[in-house]
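For clarity, chains are labelled A, B, C, D and E in written order, and residue numbers in each chain start from 1.
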Amino acid sequence: MINLLIAIVIGILILIMAIVAIHNKNLVVGIIAAGAVSLFASILYLLLAAPDVAMTEAAIGSGLSTIIFFYVLNKIKKQNG
Amino acid sequence: MENLSLEIVTLITGIALLLIGIWGLLTQKNLIKMVIGFALFDTGIHIIMVSIGYVKNRTAPILDQAVKTNQAAEKIVDPVPQALVLTAIVIGLGITALMLAFVLKMYQKKKSLEINNFNDLKW
Amino acid sequence: MVGPLYIIAIALGTAFSLGFFKKANRNIPYAIMFLAIAFMTFISGQWLYAFLANQQEAIQIFTAGFQPPFSISLQMGLHEAVFVSMINGIGLLSALYLYEQFRDKGVQMMMVFILLFMGLNVIIMTRDIFNLFVFLEISTIAIIGLILLEKKEQAMSSGFKYLIASGIISGILLIGIIAIYYYNGTLFINDIISSNPLLLKGGSVAVFLTLMAIVLELKPFPVNGWALDVYESAHPGVGAILSAATGTAMLFVLYKITPFIADPWFNMIATIGIITFIGSNLLGIQQENAQRLLGYSSVGQLGLIMLVIGLSPYLGDNYLFIGFTLLISHFLAKAGLFWIAGIIKQKKIKNWSVLRKTPLLMVLFGIFILTLLGFPPFPSFFGKWELVMELSNNHQLAWIIAILAGSFLEAVYLFRWFGYALKKEIKETTSKIQFSKILPPFLFGITSLVAGYYTNIFQGDAYTINYLPLALVLIITLIDFISAKIKNSLAILAMAYYGFLTLPGLYENDFIRFIFMAIFIGGGILTLIAGYAYQGKRKGFYPAALLMFAGLGGIIEAQTTLQFFFAWEIMTFGSYLLIIRGKHSIKHGFSYILFSLGGAYLLLMAFGLMNAQVGMQISALSDINTHLNLIFSLLAIGFMTKMASLGLHIWLPGAHAEAESDVSPMVSAILLKAGVFGLLITILAMGAEYAQHSTLLYILGWIGALTALVGNLAASFQEDAKRLLAYSSIGQLGYILFAYAMATHLGWVGGFVYVINHFAFKAVLFLTIGAVVLRVGTHKMYEMGGLIKRMPLAFIAVLIGIITLSGVPPLSGFAGKWFFYHALISKGWYFQGAVVLFAGIIAFLYCFRLIQSIFLGQLKDNHRKVKEISIWFIIPIYTLIIGIMIFSARPHWILQPISEYIAPYFGRELTWNGSTAIAEMGYWNGEWIMYIIGVMFVLILGWLLYTNAKAQKVKQFNIVYSGERPFTPETTHIAHNMYAGYSKALGFIVEPYITKLWNNMSDAIVQLGGLTKRIYNGNGQTYAFYIIAYIVITFFLVF
Amino acid sequence: MVKNTFIFVLLVGFVFLFFNLFADFTGNTELNKLAGHYAESGHEEVGAANLVTAVVVTYRGLDTLGEVTILFLSAAIVSFLLKIETSSTDDRKLRTTSEILDTASKILVPVIFIFGIYVFINGHLTPGGGFQGGAIIASGLVLILLAKPLRQISQKLISIVESISGLSFVLLGVAGILFAAGFLDNKILSLGEFGTIFSAGLIPIIYIFVGLKVGAELSSIITNLQENQNEA
Amino acid sequence: MNDIIVKLLWTLLGLFIVLNWGLLMGATMRKIVARVAHRYGIPFYQPWLDLIKLYSNRSSISHGVMFYLGPVFRLGGGLGIFLFLPLIYGSEHFSNFSWAGDLILILYFQFFGMLGMALGASDGGHPNSVIGITRGLGQFTTVEVPLTLAVISIALQYNTLSISEIVAAQQGGFQNWTLVTNPLATAAAMLSLLGLFREAPFNLVKAPNEVPIGPPTEYHSAFLGILRTNGALLHVVEAALFMNLFFGGATHWVEFIVKTFLVYFWSVFVGVVSPRFRIEQSVTWFLKIPLAIGILAVILYI
């Protein structure tokens, strides 16, 4: 039961973060929010008894891909001036 | 509340995330935002997949002290969707990285991140 | 046998190890990659051979040592072997073709390339649905990588669009797969099939999503903007891969999962297919960019094959045959065209005229275009034929119409393009062409031809008499570089031999066919004799002419509708090539081929309907018992397009007038008879009972009469001699239509008189005028005049020609008129008849105009030194004139057997008493009329010679002119706007209403295309929107 | 705005589609036949305690191969893409990194690497495996780059690691055909004692290569983005 | 062989009668027209004098072969119609060669002369000739339409196209003439006749009173002689054709002469009292009233 509650809360958080990621004007915030979505998602995976997936999501979804986003953003900003 | 089980909550979360992702992909004019939208869409699908593999009140598909080999079939969740998701996540990363590389190149060419500025080829 | 898994291992191993060669000389990694692909090809080819040689069962390949569904398994069967061989084959050739690109761009692209083909191989072989997804992603990403081979700015954005789109699609696929897994507990395709995934609603939605994703990978219209952008921006070599290899693999996937699908969904696939086929072909019409055009065409072809898959429930055993022939045609042709595009490096289709610099490329281009369009003898011809037949057997007329409409649109742009390549002036020269680039399209072109032949053999109605002439055409094409004189002799010999083979038999068995064959062969030989007048090589003339005659002969010889249609299409294409040779013929050739194809499709439809009832024998046409009106109308209209009946005539004047001097008689005097022959067998098949009371023929009669009127009237108002003759042909064919539509004994004999006469005098007139045009260098009649002084032989020929044409006794033209009068009165078609006879009198106007403006009146100063027309024209002309004379003096030699032939069909109305024809109402003795008039003529001439023996010859310019002297021959020659008063009174009849009508129609289609193409606004986001919308809308339509 | 309304309507339709898709979804209460088979005999057939790993590496090994290939492709394309006509290279002063980060990276990076290797070597026993381990190694690299943005990571090394591990993966797969029951069969080596590190036959070895390969590929993507940063 | 010679001799006799009657009739008509116009007119023997003069002209010029052949064709046309037309009903001798072809032959043989004339005149190189020919041809096309319908109508009526049989069907008195039994066809044909004879209002083709225009412009001497001969011949045979079709034919030469005179007189009479049409007017005129009558004539017999 507690798992269910946690899942609901996390789920809501995920959705909020997702909306932030999409609708925030600031790209940096957006990217971080997207990373956060992945992070929360990995928690969901844990709840769903999928530690492997959780690890992967945490490492790749919220870790590496966020970093790649930032690299690209960074580069774009630099080119801009 | 009684119908609401864990996997259904996560399934709904996944679907909602997927829809938000599509929404972002379709409405945001910024290329990076579009990629973010795509990443969310992907994550949504992954959550759906894992939810589908879940079996009520069971543990991870790892055989150890807690889960003896002879009772595994009653104790663990379905490993197959998890395996698939693993693959899917990595594929998703590859595609995201590729998209971002393209975005970067496109930006270098036109100094713009507006999708509307990349309509050179049409009809 | 090397196991199929080694394909994967080799490809992956090569790709991974190429990383070691990043800094090395790039030829080394290229060689490794090439060898790897060659080995992959070898593996697949060896399996293909094994399956073909000994019909064994498909084998299953398990991975990881476990049975499916527990592990991923692959399957290698005949189908897989074929597809994998196709894919690897094109991979090998692409590798060769892209050699330069790989050398420039480095090792990474080679990795990408080989992985692409590995992906496609696994896609075909795998039996695991998630595995399918993974390797689909591989090939998608690899394609995106290959886009970068072309260093274009647009390549970036199109790559991004492609990524977004395929990202969404694969997401959808993933959802579908996981849902299928949920509902069926397996990922093994065979298990999914056996567990019937559609039982649950959710399961069916899951299958729906999977299906939609795969369909979307095939780029259905209008959800394919990103793919088109890639076609346009990528290197043509990549376009070839995307279109031929990826498309083929995806089709196989669709084929693989069809067992999942419920019946109503087949309709959905078919609908998607047809919308794609028609939609993209519609958009192709306005496209100027060659690669994008090829993109539209690819999408359209894939749509067509999707349609075939969707219609498979109707197609029965023939389903695979149809689908595969269409696919292989698309595969060969599209790859070939893309490769050619890469060789000549011309973006705009208007600039493709550079192809003419390299005849080999031109020929290949032609082969591929024809392969795409389903012309014989290429595989898709038989595929389309069977498709129509099977649909017709299942009463799916609407599908047939839609397919033919789409094919027609496709023909529009392909022939426009082909026309540009054949005719537009060449702006720039091409650089040298490497062997590595020309080899792949060359091999595919050869394969196309060979595949066509084997398809026909497989299909079972191969007919050697159809292929012998084609082989000859091929030979003539190969020796096209030698002098025209030799080729001409060869062609004449070949025609004579063909006649020798066929004519005696026909004479014994079927007199009507004999007459037509004699016209085709005899006319062909005579007009070819005129070809000796040409100097140089006349490149391309002989293949085209022989192609046409091969088709004409085939039409007569055909026993089945398939053979007939085969020959018909060959004839159409050959004549198109001939027509488009004229100087300003690009437009006319285009409209000719479009009308011809439109007509041919109607024929095809009719043959389909017929096949459903009585099979393919032409002789069985008379046994049909339902849809009589529909079938006969389709046939009649189809043949009337070739006969240029009113409403369908607008292609003719230009096509005939602009053609070369010896081509005009071929296409006018000879070719038009093909339509007549078709109409004739149609009406014969109707039988007297039906024919004599049919509304259809009643309408045809009126059309014939009005055609005659309008044709003749329009001819009278022409300033251009050849155009005049062309309109005259329209008018004459109107008579013929009218005569046959009567379906009576007298009418038909009259029709035959017209057919024979029109052949003879139109050949004489066109040959003579053509020869004159060659001498004076203009078509305009008012720029000629008085040429009787310089070319008396030509004048006499034209004189005989117009006497025959206008029906003045004693020459054979009168026979036609006589039969007409009697026939129309006995038939009761008085008013139509009056129109026809009125038209006949109008013929005098243009006859007079023709002979007066050219030969009589004042000789122009610049023509004072022209010579008599070439001897090579005089020979055939006077041979024909002798023929006319014999026919006039001894009409019963030919007409009596014809009369006997027809009598059993329509009831006897005519008897022969020696040379006297006796009808119910009157009689006619051609022989005696000839004698009486001859004697009389000689007597009067003698009298005049006697009284006027010393007449002094003066120049034409020496005339009484109201006390003044005329200025110049130009101002004294009345030729321009000759019938001004007449045109004031009746000119309204020949206003180009019909041309306007057709123009408006084609404008409307173009406009529609213009509006439709707005959906491709170039915005990747919009395309993404389309994908989602397409899925959702289809979902609501299906569920 | 009109367009957004359209999109919204569309998404509502999409929701409806999903509603239909999962109308019969009740959640599982037991394993299906396939999963049941894995659960019951997976440990005997494959010998890996982590069934996900068993599925990923052995039962569905071909998928994994494909997946590695996708990353490989991505890396190759990204590297190719970013090399295309690099724009003008003006030397730009980069911010100097802080001492702390520098030091931290020196200490942390080896730990991270070792952790990554641990994750993929133990993939058959505990959660984790090649992908996760590879990702962890790649994040170690990121840390290096954060600390010293100008540091050149040897592309060549990465490339060689990538190639060798990829080739080894393929060769091991082929070895499966030659010496065992099929492509990627892990029973070339004995399955060992269930639950120990040297068990599950080939799985740990394959996972090592997968880990190395994924790590190399991700590193390649990252370094490519990094390197070009200097030139941009 | 003997039969054919006898036949030829009889034919020549018929030709002699017809020709002289044609010349006389022409002169008479000219006289009448002159009197109507308050002139004295020519003497009745004038045409013979003209012919003799033309044939005996010493000097003559030719513009070329076709110029030379034109008159031959022209006379051949007139003579041909004569040859294929039965003149006197019931007379074996004056039925000429009508066994070789029926009404259709005669209708189409009209063109023979026209064509030759047109070509010959064109070879003369005179623009006015060509103008005349184009006008004539244009007018002729529509003149033929009512005639065609009339022919169809009587073919339906008598169920034959053989002239002899048509005449045979009209025997037995005035009430059996086509004029009575099929007045509409007769009317249509008689209107066409006006165009065939090219008297006013349809004489723009020859434009007799202004600059010389029309086919004969360049002709003179024996050439013109032949044309004149043909003119005389043609008027009679055309009139005879109409006589045969609509007015009961002739059983002896007197009836022949009276009837042909009246038929010819009809066109002269209309000509005398009519102004002249422009070419497009005459073209459209024939497509109005005569055409309507012709159509009615056919409809009545369907």
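Note that in this section contacts are C-beta pairs under 8 Å (C-beta built on N, C-alpha and C of every residue); 3 or more make two chains touch, one makes a residue touch a chain.
The structure displayed is predicted, hence computed values, not measured ones.
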For chain D, the least number of touch steps when starting out from chain A
1
Following contacts chain by chain, what is the lowest number of steps it takes to reach chain E starting at chain D?
2
Most contacted chain pair (by C-beta pair count):
C-E
Using only alpha carbons, which chain's centroid is the nearest to the whole structure's centroid?
C
Where the centre means the average of the CA atoms, what chain is farthest from chain C?
A
Averaging C-alpha coordinates per chain, one finds the centres of chain C and chain E separated by a number of Å equal to 54
Please tell me the distance, in whole Å, between the geometric centres of chain A and chain C computed from their C-alpha atoms.
59
Cα-centroid distance, chain B relative to chain D, in whole angstrom:
16
So, in whole Å, the Cα centroid of chain B is separated from that of chain E by 100
Counting only residues that touch at least 2 other chains, which ones in chain E make the list?
none
Touching at least 2 other chains, the residues of chain C are 130, 134, 137, 141, 144, 175, 179, 182, 187, 1025, 1028
So which stretches of chain D touch two or more other chains?
7, 11, 14, 22, 25, 32, 34-35, 38, 50, 52, 59-60, 63, 66-67, 70, 73-74, 77, 81, 84, 87, 127, 129, 131, 218, 221, 225, 232
Chain pairs that touch, by label, are A-B, A-D, B-C, B-D, C-D, C-E
Quick one: in the complex, what on chain B touches chain A?
4-7, 9-10, 12-13, 16-17, 20-21, 23-24, 27-28, 30, 32-33, 35-37, 39-40, 43, 46-47, 50-51, 53-54, 58-62, 76-77, 82, 85-86, 89-90, 92-93, 96-97, 100-101, 103-104, 107-108, 111, 113
Show me the residue ranges of chain C that touch chain D in the complex, using the header's touch definition.
3, 5-6, 8-9, 12-13, 15-20, 22, 61-66, 69-72, 105-106, 108-109, 111-112, 115, 118-119, 122, 128, 130-131, 134-135, 137-138, 141-142, 144-145, 148, 151, 175, 179, 182-183, 185-187, 200-203, 205-206, 209, 1025, 1028-1029, 1031-1033, 1035-1036, 1039
In their shared complex, at which residues does chain D touch chain B?
4, 7-8, 11, 14-15, 18, 22, 25, 27-32, 34-36, 38-40, 42-43, 49-52, 54-56, 59-60, 63-64, 66-67, 70-71, 73-74, 77-78, 81-82, 84, 87, 125-127, 129, 131, 194-195, 214, 218, 221, 224-225, 232
Contact footprint of chain B on chain C as seen in their complex:
130, 134, 137, 141, 144, 153-154, 156-161, 163-164, 167-168, 171, 174-175, 177-179, 181-182, 187, 225, 228-229, 232-233, 283, 1013-1014, 1016-1021, 1024-1025, 1028
Could you pull out which chain D residues touch chain A in their complex?
50, 52-53, 87, 92, 119, 127-129, 131-132, 135-136, 138-139, 142, 218, 221-222, 225-226, 228-229, 232
